[in-house]
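Remarks on the structure that follows.
Labels for the chains are A, B, C and D, by order of writing; each one numbers its residues from 1.
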Amino acid sequence: MWSREQLAARAAKELQDGFYVNLGIGIPTLVANYIEHDQHIVLQSENGMLGMGPFPYAGEEDADLINAGKQTISTLPYSSFFSSADSFAMIRGGHIDLSILGAMEVAENGDLANWMVPGKMIKGMGGAMDLVAGVKRVVVVMEHVAKDGSAKFKPKCLLPLTGANVVDMLITDLAVFSRPDRNSKFELIELAPGVTVEEINAKTTAAFTLKAPMASI
Amino acid sequence: MWSREQLAARAAKELQDGFYVNLGIGIPTLVANYIEHDQHIVLQSENGMLGMGPFPYAGEEDADLINAGKQTISTLPYSSFFSSADSFAMIRGGHIDLSILGAMEVAENGDLANWMVPGKMIKGMGGAMDLVAGVKRVVVVMEHVAKDGSAKFKPKCLLPLTGANVVDMLITDLAVFSRPDRNSKFELIELAPGVTVEEINAKTTAAFTLKAPMASI
Amino acid sequence: MIPSVAISNQRKVFPDATSALQGLLSDGITVMSGGFGLCGIPENLLLALRDSSVKNLTIISNNAGIDDVGLGMLLKTRQVKKMISSYVGENKEFERQYLAGELQIEFNPQGTLAERIRAGGAGIYGFYTRTGAGTSVAEGKESRIVNGQTYILEMGLTADVAIVKAWRGDTEGNLIYRKTARNFNPVMATAARVTVAEVEELVPAGSFDPDHIHTPGIYVQRLIQGTHYTKQIEQRTVRPRS
Amino acid sequence: MIPSVAISNQRKVFPDATSALQGLLSDGITVMSGGFGLCGIPENLLLALRDSSVKNLTIISNNAGIDDVGLGMLLKTRQVKKMISSYVGENKEFERQYLAGELQIEFNPQGTLAERIRAGGAGIYGFYTRTGAGTSVAEGKESRIVNGQTYILEMGLTADVAIVKAWRGDTEGNLIYRKTARNFNPVMATAARVTVAEVEELVPAGSFDPDHIHTPGIYVQRLIQGTHYTKQIEQRTVRPRS
């Protein structure tokens, strides 16, 4: 089983040198800590920035410089700013290589639900629907099961969707599922240390295929 | 009968203090020479500029600074530059108060034809269709009759249209026709010196109404 | 070509937020308000809008402020009938009014909201986007399937009044924004019958490099130099000096 | 948050126009080419495109250059099969090929052309505009009437390669344009599978104020420092010194 930090580190392996990347709030934000030093990764913030830098040093916070989570950030030498319309033109137009997002549910057909918490006040989808509809590759990171132990990787999402057939890879604290394209089924390609295929089977209601050598892990 | 310069001067009377204005190529360009000195008129050039200044002094031409007629121009203290997409968002979105354009034919219902010369190579409509579709008020300046003496203000345009029901005012070398809105007919409101209603009737095939006191001019 | 005289458009400049909104407000109008969270919000104009006591407003704004700050002030005074937003967390009074059925909310995906506003300002009646296809956002909307992709039709959005915040403005209404405080401000400036801007620094026309202007003056009908900016930070996050 | 290291994206920088187009060209592709008239055209990349001898091109460009200059060079060498433009005057060879049926032309209203390219780059499948309603431009297109206004549906436009010209660029691909040489360049940079930019001055990343960047580097896959700019003026018009 992977910790939050390990999950973020695993997700960071999906980054490729030269990628433009949008990271969601929560665990996805931690992914930035695991970017390889020889990789040139440019982070986009959907409120209107490319080249998002680290949190500022205390005393250097700038109220005019925040990320989509409303956290204070900093610039880098190659940063640029633009309007919300231009930012989402960038996202919707398929110019971002990768988005890493959290989820409440993922369905075996790639449907994603991550914007409405059942029984809670609806706060809105923010930019999540735009990201999953527009970004070239969508990687979801989430805990494998809900607090009550029920499966979150399911035959069908029960919560309202953020996007239909939009997930390319699912990384949970127990395993990694991937598919080569959006017409394919998810394949279990990796297990966290100490996790067995049997455990995954027990905690997953979605149908998925097994990578050939996986059975022997 | 009005000369080209007089025509331009008459068209300039349609400018109001504070207006943002787009002037077409030809006689409309001359209108800029007749802006009152106490009027603040901002000229838009559809290739991406607000606050178009006069032609530069010899030796100060800048190849990066041209108007939509590809003529060298200059800046003013309040100029701004933007992309073609932003320029036509401005035009299409109804932010320009007035456009003054040339024409080959105007129909009594306000249809305008000014982009295809019969029997000649088609060069394209440039920004003319966008201007007539988007600008709040469209004033056409043209010679009253064609070289062969035939009427250019007609029951119906015979040439391919630039826009349907888009002309608000027509200023020719003989007279001025106007209408309060695009559901109304054109009214003859002004005659050039020495021109009679009879002459207009003889040289116009479009139906128009007569302003009450006009008969006595 | 016009002679090179430069009469500055001083009529656009108003002494304060209250006078800048004079004559523009009436109950039931639609107001666009710039900003992302509390970043780049028109602080002075929001205060004046609250003090005007105008009611039953439809507010188009990405967020709804937080309690007592930004649009949160207008929620507290019950001046808002409806919000068109993408995310309204961080606001207890909002939640209370919404759950009590006192406040309507129309959620738009953030990019769809931005693009609808751009379309409204650019004379685009509507546009087809993949965003929201297959979700509740698509309900009741036209759609079409092209090469296996579903696109939904979203409509342009306009307002009676837009209030926006820029960093610097000139007397001609040209605006320059600063960092991520730009956000929804430039696009909202294009999409209202009347746009009122507030700036931290008002300068004479001619002060800006014309290549650096973000919002050309044509989009700004009135502007003021704002005062007493608080620029509250919602999530002050720092890193240790190593 | 990422550590504040700045690895410059030097891989985007190519030594010259020929190498920057290497591997991108093949007969029959669609190329967007920036500029308005001869203002802001990618002079070096157009030369390299001509010298590549690639054929049957579809060129999306507001104009077609003039004889022997700009796209006029590619017309002379018969490399162009089709033009998508708004205005193609000032070009005798164009006229000859068109009248001989050797060249196809699709005219778009200038603003519709710009917006179609923006839509292509912004993931908008299509949009409704009043421009062209009731004219030959509307023929064969869907339309709808709303409040008495007719809107026609225009489609997003993309290309295999875009060649654009900026004034200054940094090694990250961030671009800044100068005056009216901006025109179609920024929007075309967003709408192609691969965008190649040429700049008059190439500077290290970090040289630009991030508020002044017109085209963020994400849109530029390759760039070069151009040489030998001629910047021909089509209509040199001056006023007398009084």
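Following the convention adopted for this analysis, contacts are C-beta pairs under 8 Å (C-beta built on N, C-alpha and C of every residue); 3 or more make two chains touch, one makes a residue touch a chain.
Small disclaimer: the values here were computed from a predicted structure and weren't measured.
Of all chains, the one whose CA centroid is most distant from that of chain B is A. Just to note, of A-C and A-D, the chains joined by more C-beta pairs in contact are A-C.
Our note on geometry: chain C versus chain D, Cα centroid distance of 32 Å, whole angstroms.
Rounded to whole angstrom units, the spacing between the C-alpha centres of chain A and chain B is 55. Inter-chain spacing, taken between the CA centroids of chain A and chain C, is 29 Å.
Note on chain placement: the centre of chain A and the centre of chain D lie 35 Å apart, centres being C-alpha means.
Of all residues in chain C, those touching 2 or more other chains are 1, 115, 118, 122-124, 129-130, 177-179, 182, 210-211, 214, 239, listed in ascending order. In chain B, 54-55, 73, 75, 81-82, 88-89, 91-92, 133-134 are the positions where the chain touches two or more neighbouring chains simultaneously.
Taken as a contact graph, the chains fit none of the simple arrangements: neither line, ring, star nor complete graph.
Pairwise, the chains that make contact are A-C, A-D, B-C, B-D, C-D. Note for the complex: chain D touches chain C at residues 1, 115, 119, 122-130, 144, 146, 149, 151, 176-179, 182, 210-212, 239.
The touching residues of chain B, counted against chain D in their complex, run 45-49, 54-58, 60-73, 75, 81-85, 87-89, 91-92, 111, 121-130, 133-134, 160-165.
Per the touch definition, chain C reaches chain B in the complex via residues 1-9, 11, 118, 120-124, 170, 172, 174, 190, 204-206, 208, 210-211, 213, 216-219. The part of chain A that touches chain D in the complex is made up of residues 18, 20, 29, 32-33, 35, 37-44, 50-55, 73-82, 88-96, 133-134.
For chain C in complex with chain A, the residues that touch the partner chain are 36-40, 62, 85-89, 95, 98-99, 105, 107, 109-112, 114-115, 117-118, 129-137, 150, 167, 177-187, 214, 231-241.
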